[in-house]
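Heads up, there are several structures right after this.
Two complexes are shown next, each including chain A; its partner changes from chain B in the first to chain C in the second.
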Partner chain A sequence: MWRYFVKRLGIAILVVITVSVISFGLLRLSGDLAQIIAGEGATQAQIQETRILYGLDRHMVLQYLDWAGKAMTGDLGRSLFTNEPVFQLIATRLPVTATLAFSSLLLAICVALPLGVFAAVYRNSWIDRAALGIAVFGSAVPNFWFALVLIYIFGVQLRLLPISGSASWWHFVLPTVTLSTMVMPQIMRLTRGGMIDALDSDYVKMAWAKGLNPGIVFFKHALRNALLPVVALSAVSLGFLLGGSVIVESVFSLNGIGSLAYESIQRADFPVVQSILFVLSFIYVLLTLLSDLINARIDPRIRLY
Partner chain B sequence: MKHMSKRISAIAVASLLATTALAGPEDGTLTVALSHPVEALDIYMGPGPEVAMTANAVFAPLVAYDSGTQSYVGVIAESWERVDDLTMEFRLRPDLVFQDGSVLDAEDVAYTINFITDPDTRFRLKSRFAAFSGAEVVDPLTVRVYTHEPFPMLLARMVGIPIYPSDSHSALGENYSEWGRAPIGSGPYRVTEFDESTGIVLERWDGYQLGPRPDFDRIVFRAVPDRQTQVAEMLAGNLDVIVASSPDQISTMEMMPGFEATVIPDMMVQYMYLDAANRSGVEVFRDQRVRRAVFHAIDREAIRTNIVSGGHAVPELLRLCLPYQVGCPDGGEPQSYDPELSRQLLAEAGYADGFDLQVSTWGPSRAITEAVVGYLRAVGIRASVDAMTLGAYRQKQVDGGLQALVSSYPYGGLPDTGVVVDFYFGSEDRDYFNDPRLQQLTVEANVSLDPDTRAALFREALDLVQEEAYILPLSSDPTVVIHTDAVSVNASPRGDVLFAQFSLFESFGEVPIILGWAD
Partner chain C sequence: MSNTPAPLDNMELAMPTPWQQSWSMAKYHLGLQTGALIVLIALICAVFAPWIAPTDPYAQDLANRLAPTIWQEGGSWAHILGTDGYGRDVFSRLIWGTQVTMIVGFGAAVISGIVGSTLGMLGGYLGGRVDAAVIFLINVKLAMPGVLIALSLVSIFGGSLLSITIILSLLFWDHFAVVTRTATQEVRTREFIAAAECSGASRSWILFREILPNITSKIIVIGSLEMGIAILVEAALSFLGLGIQPPTPSWGILVAEARDTMFFKPHLIIAPGLAIFILVVGINLLGDGIRDVTEPQGRN
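Coming up: the complex of A and B.
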């Protein structure tokens, strides 16, 4: 297990470094930071002064090494727009996105798992059809549209729930429902598929033949094996939700990391964009590593690869 | 998305008439939407419209601009006089204090100016203050401000320099960027809560000495970036004021009883220029007839009234400067919409079959650029939109890669025509005309302190721009404020530029409060 862990960790570190190098290079290539900082009204002399003041006159490799070295110590630089430490900006916004992502994933799992299991157990029944309908709806409906519909019904017409902001848990209800539809269909279909495979397998038939309790057959023998890909998908989905909540955050005015990324891209605040990419890729890789380890723990055969 | 959103808005309009419960002055709180969150209430560190809107309620500058009389009025400063070409001396009002009770005197003014001109202080758009060389205390109520060269726009620039208390600001040392989370000013409101997630809460400061007592007990600024969500929040009675960002949003809200849209003239200008200097190698624009042909092909009136938010309510932009900027000459006759004349000029110049053209743009001018490209295609010019990010645009501009540009500029909020000529002709990067006379006029205007001389220079420069068809002023871009009818917005000429450019609120004396509760 340790050997497997070290191998996966090495790959994870390489991925993070690669992402940071590529994103650093791409952002630098997209425009001269000194010109952006100095502004459109600046003269060439003022732009050059800015370049020196911010250390942008150095070679790009040196700039990257400087940034990466500081990033290792938690210093992600300062925002070009507000001059605030980027770490502080991200630390302020990340909890909002994390709350939204975790609650969305939790809601998706709570709905998708039982639905997937029932759809598999009662395959081709009305339950299966209904589950399929929900999956199709979740996949097909754009979340910005679904968000506006929820706002209209629950915020404007019924006035049951707040529309924007993150002042209380109630503010997260509509965004959570919206965002959960992004991952719910995949989890449900994967659970259903896994359960069908498991229920058709020889070891489950053997369990039935032994006269075991249906609960034990479904949950101990079938679901445990069906869950393997679901665990991996959930981990990846969490990373996807953390990085992919830009539109939902924007519609519901949640000041999370997605909206920070969007604002920073709009105003060319490259140190913030660079750091968000770094942090998100780090989280994503960490979650993938975690799912690999959980899978390896559940299924020892994986450790052989 | 746009059509879908519009449909939802229309449904909301139709069905909510009976259920809308508008916010009112009952609790004395005005709730205003910000299109972007404000991370720090510090206009130096984070220049932008949202920060300016909030900061002007909290801070006060030395002077303010009265657009009605095109003159400057004292705020913290009582009077001022020019000592020499490089020095302006300000006399401050006596007995002023900051919101923390500390005395506001010349030391604070000198500290603020020396802070923003310090070579080691890092913030974006610092070149705004490059003309200043520093400030010096003469006595507790007198301060001298120095410039590197004669700087005719000194007072204009002072309008955008809020004064910070030297003691508390300097105590932060290198962590000066933290100031904006708990700032102390001398404006009519003080910050009582600052939270990026929930918003900024301001409370009326009873010690305010620089103007009349504002109407609102509290002002809450909430970041609501999405336009549809802003509308929904207004319909739900959770917002009193939003700044409209599209004609759709305005028309949707104007359909609703209980809401009003007020158009306020702004300093933002939409413009188009062509590469007359041939920096991009496009060649065609060396010929003045082709430049005129391009400009005659564009229906500026249709663009202003249909695409620019609030454009229907502002007059045609006749020159690159705005009538309420100091020194903006009257008159002006930009190329009229005449597609036939455009085709004729193209044929005369040998381009009857048109030519390929990239019209570059970035950010907020995208929709106007698409319209411009449509008009150019109608006269046979094979134009296409070259939309870029800000960074890519600046790089291309510096590299001389722009064949034609449609863009906007707020003139740094400066109510002076000097910024107009300097912006277009004062830097090699931005100069796509290479006209020696224009360059000479700009150099002279930048250092001339005599108002009459400056006015003559501006007139000659802007007439030349028009004659040579270098730049086409497309439209001014006003601010449109949508508000409940419980809120009164006074968009009178006096102070309107300040309203639009810097703040939703007046922060200086003698000028009536612009925003208040309706009677």
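Coming up: the complex of A and C.
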């Protein structure tokens, strides 16, 4: 168990470092930072002055090491636009996105899990077809468009729900529904597939042969095994939702980390963009690490690796 | 005499080739046919857009803004789906939008397919350090928030058709790599690979002549899925204003432009969104159908 954990941790740290190098390099690709900071119409001398002030005249590797060293102490630099510390900017915006991502994942699981199980138990019935229909819809509908349609129906025609901002829990209903369609199909498909495999397996046949009642066979024998990959997928999905909420946030005017990234990209605020990319990747790596651990805890076979 | 053995050709004819098997299954596969029909229509619209579209998609007619659709009062055949806020014909813009969508979707799927499958095959066949490197690359790719990376890259490199296609293909190669890697590991253990190795075949021969043909159908299936996702992401980027740039008629831009008038002209939003939805469903149906008829055991 420990060997497995240490190996995973090592890979995770390497991934985080690589990601930080990529997100650092990505934004240095964008041209002369000093010129952007100095603003339009700055003279050569002013640009040169800015370059030295921000340490942009040094070698790229030195600049990276400087950034990485500070990042480890939680200092992610300052926004070029508002001059606020980036760490603080992200910390104030993250709760909105986290709420949205958690509630979307929860909704997706609450719908997809029972649906997947019933679709597998009653294969080729109407419920299986309905589940397939939902999966097809979820994986093909453009979510910015779905968001607008929901706004039109529930916000404008029926006047049931608020359509922008994050003032109350009600404001999160439509964004949550929209965002959950991004992960619902995969969770549903995986649950259904895992459940079908489990139901066809020898140990479930054995359970039937022993004369156990269907409830115990389905939930204790089959579902527990079918759920293993779903745990991993849920962790991955949460990371995906945190990074993928930009569209939904922009349509519903939620001030989350996605809209912060979007605004910062538009106004070329590189320290903020770079840090958001890094923080989101970091959270993703943590989540996958956590799911590996949970899986190893539930399934002893994994620990043998 | 009469009991001469039948010529070998006839015996082979009795056993249908894989192609014939797939073909005969495709004849009864409704999903595959529906998907193929949708994709075919989109393809025709994309290729023949200049001839199909009734008017110029860029021609503004400011005197005739937000004209009604054919089924609404005062609608005319000149503008089947009415006109937008600049008086441009929505139906024509929708048809031209197919071109952008198909080029970006197909281009991104092909480029990411080539990159991802090469990596996956190399990792799966060579194993060892190469494989570890491939897995590591996949892990790094998975850890990065794709849509945000795409948005920042578009803001750096601009929203031309080519740059969008290349940027999107950076987002989707990992799925190809994962699937081809596993498939290659499976194929690698078969006898014909050992036979090829014994007869002195080069690595590239084995990779591209022995392994690739055996995993092509898997790659095509992933390709169709990724093409669908690429189309959705392109539309989303263009909708946010960091994708294809207006006035080029991308379906995402059509939705974004219709947003201001959505409360009294909802059809302007419904039409392009529905077009994206139907096309992606069609592509997915086609992909699932191809998998069903080429690998009948791999359903569910």
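Brief remarks follow.
Assume the second predicted complex is superposed on the first by the 305 of 305 C-alpha atoms of A that agree within 3 Å, B and C clash if a C-alpha of one lies under 4 Å from a C-alpha of the other, contacts with A are read in each partner's own complex, and residues count from 1 in each chain.
The criterion applied here is as follows: contacts are C-beta pairs under 8 Å (C-beta built on N, C-alpha and C of every residue); 3 or more make two chains touch, one makes a residue touch a chain.
Everything numeric here is computed off the predicted structure, so don't read it as measured data.
After overlaying the two complexes on the shared chain, residue contacts for A:L148 are found with chain B and with chain C alike. Of the two partner chains, neither chain B nor chain C is touched by A:S201. Of the two partner chains, chain B is the only one that A:F252 touches; chain C does not reach it. When the shared chain is aligned, chain B and chain C each come close enough to touch A:A268. Residue contacts after overlaying the shared chain place A:V96 against chain B, while chain C stays out of touching range. Legend: residue contacts after superposition of the two complexes on their common chain; A:E40 is shown touching chain B, with no touch to chain C. Look at A:A167: by the touch rule set out above, it reaches chain B but stays clear of chain C. In the superposition on chain A, A:T82 makes contact with chain B only, not with chain C. In the superposition on chain A, A:G244 makes contact with chain C only, not with chain B. Counting contacts as defined above, chain A residues 30-31, 142, 144-145, 148-149, 152, 156, 250, 265-266, 268 meet chain B in one complex and chain C in the other. Listed in rising order, the residues of chain A touching chain B in the complex are 30-33, 35-44, 46, 49-50, 53-54, 78-85, 89, 92-93, 96, 142, 144-145, 148-149, 151-152, 155-157, 159, 163-167, 250-255, 259, 263, 265-268, 270.
Partner chain A is touched in their complex by these residues of chain C: 136, 139-140, 142-149, 151-153, 155-156, 228, 232, 235-236, 239-242, 252, 255, 259, 262-263, 266, 269-270, 272-273, 276-277, 280-281, 284, 300.
Across the interface of their complex, chain C is touched by residues 11, 14-16, 18-19, 22-23, 26-27, 29-31, 136, 139-146, 148-149, 152, 156, 192-193, 196, 236, 239, 242-244, 246-247, 250, 258, 261-262, 265-266, 268, 273, 276-277, 280-281, 284-285, 288 of chain A. By the touch rule above, chain B contacts chain A in their complex via residues 1, 4-5, 8, 11-12, 15-16, 19, 36-37, 39-40, 42, 45-46, 48, 119-120, 122-128, 130, 176-178, 180, 196-199, 222-226, 228-229, 232-233, 235-236, 238, 363, 389-395, 398, 409, 412, 419, 422-423, 426-430.
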